[in-house]
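Sending over a structure as structure tokens; questions will come in a sec.
Every chain is named by a letter (A, B, C, D, E and F) in the order it is written, and numbering of its residues begins at 1.
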Amino acid sequence: MQTHKAKRVEITIESVMEGRLTAALIKAGVTGFTVLPVLGGSGRSGQWSREGQVSRAGGMVSVVCIIRPERLDELLDAAFGVVERHIGVVTVTDCEVLRAERF
Amino acid sequence: MQTHKAKRVEITIESVMEGRLTAALIKAGVTGFTVLPVLGGSGRSGQWSREGQVSRAGGMVSVVCIIRPERLDELLDAAFGVVERHIGVVTVTDCEVLRAERF
Amino acid sequence: MQTHKAKRVEITIESVMEGRLTAALIKAGVTGFTVLPVLGGSGRSGQWSREGQVSRAGGMVSVVCIIRPERLDELLDAAFGVVERHIGVVTVTDCEVLRAERF
Amino acid sequence: MDGILALAADNLLSPIILFFALGLAAAFARSDLSIPEAVAKGLSIYLLFAIGFKGGASVAAHGIDATLVLSLVAGLILSFALPLIAFALLRAITRLSVTDAAAVAGHYGSISIVTFVAATSVATSVGLSPEGYMVAVAAVMEAPAILSALWIVARFGKSSAEMEDGLMREILLNGSIVLLVGSFLIGWITGDEGMALIAPFIVAPFQGVLCLFLLDMGLVAGRGLREARSVLTAGLFAFGVAMPLVGSAFGLVAGLLLGLSPGGVMLFMTLSASASYIAVPAAMRVALPEANPSVYLTLSLGVTFPFNLTLGIPIYLAVSRALTGG
Amino acid sequence: MDGILALAADNLLSPIILFFALGLAAAFARSDLSIPEAVAKGLSIYLLFAIGFKGGASVAAHGIDATLVLSLVAGLILSFALPLIAFALLRAITRLSVTDAAAVAGHYGSISIVTFVAATSVATSVGLSPEGYMVAVAAVMEAPAILSALWIVARFGKSSAEMEDGLMREILLNGSIVLLVGSFLIGWITGDEGMALIAPFIVAPFQGVLCLFLLDMGLVAGRGLREARSVLTAGLFAFGVAMPLVGSAFGLVAGLLLGLSPGGVMLFMTLSASASYIAVPAAMRVALPEANPSVYLTLSLGVTFPFNLTLGIPIYLAVSRALTGG
Amino acid sequence: MDGILALAADNLLSPIILFFALGLAAAFARSDLSIPEAVAKGLSIYLLFAIGFKGGASVAAHGIDATLVLSLVAGLILSFALPLIAFALLRAITRLSVTDAAAVAGHYGSISIVTFVAATSVATSVGLSPEGYMVAVAAVMEAPAILSALWIVARFGKSSAEMEDGLMREILLNGSIVLLVGSFLIGWITGDEGMALIAPFIVAPFQGVLCLFLLDMGLVAGRGLREARSVLTAGLFAFGVAMPLVGSAFGLVAGLLLGLSPGGVMLFMTLSASASYIAVPAAMRVALPEANPSVYLTLSLGVTFPFNLTLGIPIYLAVSRALTGG
């Protein structure tokens, strides 16, 4: 089956920033993204878990974005603008996609 | 620690199709898969979020399947048969696994 | 944008073992991890789904850990110690990260 | 006419409607107010459980009516037939493709259980006591319309509608139907005794839970409308308001022919007038993935549901009372 | 005998049992009906909260019974001892490995709180008033059986059972025990006054919530049975029915020796007869990962739980009444 | 003084406080007891819905008080002003950076709705009937403090506080405010009639739900304290206890000047004394990401919330009664 090279960018970020991040991604011209829930985690700012939150203030989500390789830099710039001052992790993985016309 | 090459196939698809997809995967001989929840997303058919759904009609899930590289085509054919007419994204990533006898 | 090579280790494991796994990871010196929920899955020990669980006894979670490549073996040893006798899948993927000083 | 207006005004100021309006307003204002998905599903389980059980207990109390079976048959026929009428209307006044029009039509043959619950609560608040088995009629009307929609596509459309093995079982055994029918049967079997046991759970707090549920419906409908504004043409909007009136006329005739009580007639009108937003959309995603979900969800949830809730129900009540002398 | 049958028949037609049956039926028919995990957990928190508080309030009302401490000790002993009996029985009538048999045995020394709740509600419905501290006995019986299971493996098995530091604390402080005991103590401390305050929340709606909870239990048990049919041999099935009867006999003796009321004896029988499906499975996954969870979950939830709910409880009630003259 | 102690002792043995203590204890003992996130959110939706509606219905029953508008204005002013006082106090007795101190200060100008609910329930239990519109005052006090915090940073700090377009709308339309104010208005509009309809849902079970909610608050506060022990210096702890007393003094003056009833004065004191742990933390994460959330959450939820719940409320009640003669 015919596949095409693409990049999978995954941005783990505080829930309160989700709307700002996806708005920035859309502005940067991405054609789509998927938001995954995060149960908990640990990092330099300590350990947390969803059951220990009184509110959306502390939770995180993971935003996954599949893009053509040539659009990577644009996307990273947009993402970085939002993530910069905030808690968050950004990873990029090589992948192959079916139905490349979608991206 | 000894690791082995494998492929990680991730199929994001409407929840209503989950059962049909996993049935097709099992029929295609995969030894296992994992289903991850999806909170929301955006694509050509617009933006959606789990809190805005009255029902399972609109949600999506992500089905992850780790397989030996030589079985990839079989799996993609099976997956494509289900995904074809439906909303959904299929990505393939190279990975390494521990305990390869399981796959 | 400047990125750095890293490894993305994903360990899918029974929920009851989550605390033991993350404790082992921290002991092995990882700087952070993220826990993702799992809705269901299938493997050699059969098929299960979160809605069919009476308790936390049967569910699984996925623990994702981004690390510098040189620390991979240490982490895998630590993870393997916990996963060994238990149901679970460990995968390693190459990735790139922003803000490498965090890892 | 005056009576209808007074009733409508009264209805519009009931807590149920006001909480729905609050949800709509919050969604339009882009507030982040939301009911967690699991809680919303829990509320809907509560409603189905309560309404089913009460219906069954009421059948146990009043005995089986000779018309029970006939009502079920009438419900079946209406659910099969209304999509054909809806399809004709849609093709006449909108530019939807055959596939989209068929998908929408399927929704209008099926029913909205919350609209049914709201109508029941209005009926009892004015002293009517509809036949308990109307709950079973509601259950019977959920699924047939889906078959009609698929038949329409097969007959008039180009894209193929898959009616695979699994789908029919899935539709007939979908959670809402099973819970509604199961609770109905258990209410029937355990009757007064069962009712005495669980009444404090399903009777007293019911209206309050319904308010919360309608708050959520308002939020969801409002968010849907905001997203899908663009699909809502004048023609579609007209359909979303006209079709419930057309449907209710069929329900009215059925109810009168069956000789139902004023409350029963009113509920038959409401069932025929209401459109599905759970079972049918799910089935359409599987069987007619090419149909655009924004169209049918926006119409069903964004136009017809609020119309029925606010104006439709008082109209059906007034008409039913006028024609049955109830 | 007639009395038992009449009671059983009565019991079988209670809403609680019928909703459990509805869940089973829906699961067997592969309906997609399901209660969201968070809601199911919410319902179980409600049950533990309510049953604990009511037990404590009842102790506050009736004063401490001289036998309270003795009952707790008896519960402890039974929880430690019953796994040994279960293990012997399993090795005699099934072909389970030592590890699997030990894991199963551990479940039968521990208890099922829903079975306890159902028995309590049957007891009060026939006019008995069991000792309030039976709730504390239930809490005390949750954990010791786990130690017995691990001891069996260490003594007779080949695979090693890890009894690591953390596990014991985890078991003793698992959420269910903490909530049950905590609510019991708070009910005790606040007594009538506390009860008056929250009775509308924990008393009136209790039976209705229990129905929903048992619907969920039916769904889960049914899905488990469907998946794990293959592991359920005739021998295992026989064990799943025989062991509760054996266990209840020990509970009966304990209750009679302690001089408990008829309701108390019945609850002691029920506790001894019931098998854990939450705390023990979780502990076994950690300490005995080689044991097959399908075996113990299917037995405990798929066989023994329905048996106790339908036939066991009426039997224990009848026997207790016959022997205590209650 | 004796009166306060007796009241405090009484308060400490109420189920509400004891369930909070149970949660704290379970968290400290590292029990895995937890309320699912969706259920906890569901409980808080219930509380806001109920308290808002009851406030509105009470305004409908007692008519609009001339002081309603003045009370809202006073609430606004206090919410703007208290952060300045908190900031000064923090800089005097702790070594927090400007950014951290400003973030903490913002929390203390805003309010904790659960503290408000607990105070209301104490007030009514001793026979007071606070003005229904105090709910609206609570809503009005949620947001202004955030602006003060950002102003403090802009004025005294180095890091820039982003007050972007979206944030203000987000703050004013956050779910809690919308639900509280919406329910208040609906309660007002539908009055006695609406209340009669949903009272069985929002009145009778209220105290029980509140117990469960405080159990969850205890768990969350306990886990937070365990994690963040290290940040809690003596200075910060002193602030967490002193600031509510300082705040309540301002609330007292406001309430007396407005001529509120003894219950109203007590609630004004409570609002001024309490600190936000939902709306403000969320806003701070967006606008002041450099501020350390452990500091403000630990203070607000781990120190001030328990202080108000246990000692603060009885003090505010006693003082208010002494000075109003109520």
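Convention: a contact is a pair of C-beta atoms (placed from the backbone, for glycine too) under 8 Å apart; a residue touches a chain by one contact, two chains touch by 3 or more.
If you're wondering where the values come from, they're calculated on a predicted model, not measured in any experiment.
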Query raised in the report: If you average the Cα atoms per chain, which one ends up farthest from subunit E?
Result: A
Query raised in the report: Farthest from subunit C in C-alpha centre terms, which chain would that be?
Result: D
Query - Centre-to-centre distance between subunit D and subunit B (centres being mean Cα positions), rounded to whole Å - result: 34
Query - Averaged-CA centre spacing for the pair subunit D and subunit A, given as whole angstrom - result: 39
Report summary line: Taking each chain's mean CA coordinate, subunit A and subunit B are separated, in whole Å, by 19
Query raised in the report: For subunit B, what residues touch not just one other chain but two or more?
Result: 36-37, 56, 93-94
Requested in this report: Name the residues of subunit D that each touch 2 or more other chains.
Outcome: 32, 34-39, 42, 204-205
Report summary line: In contact, pair by pair, are chains A-B, A-C, A-F, B-C, B-D, C-E, D-E, D-F, E-F
Query - Residue ranges of subunit B in contact with subunit D within the complex - result: 14, 16-17, 19-20, 45-48, 50-58, 85-87
Query raised in the report: Which bits of subunit A are touching subunit B when the two form their complex?
Result: 1, 3, 6, 8, 22, 26, 31-37, 61, 66, 93-99, 102
Report task. Please give the residue numbers of subunit A that touch subunit C in the complex, ascending. Result -> 12, 36-44, 49, 60, 62, 73, 76-77, 80, 83, 89-94
Query raised in the report: Across the complex, what residues on subunit F touch subunit E?
Result: 13-15, 18-19, 22, 25-26, 29-39, 42, 204-209, 211-212, 215
Requested in this report: Could you please specify the touching residues of subunit E with respect to subunit F in the complex?
Outcome: 36-39, 41-42, 45-46, 49, 169-170, 173-175, 178-179, 182-183, 186, 189-190, 194, 197-198, 200-202, 204-205
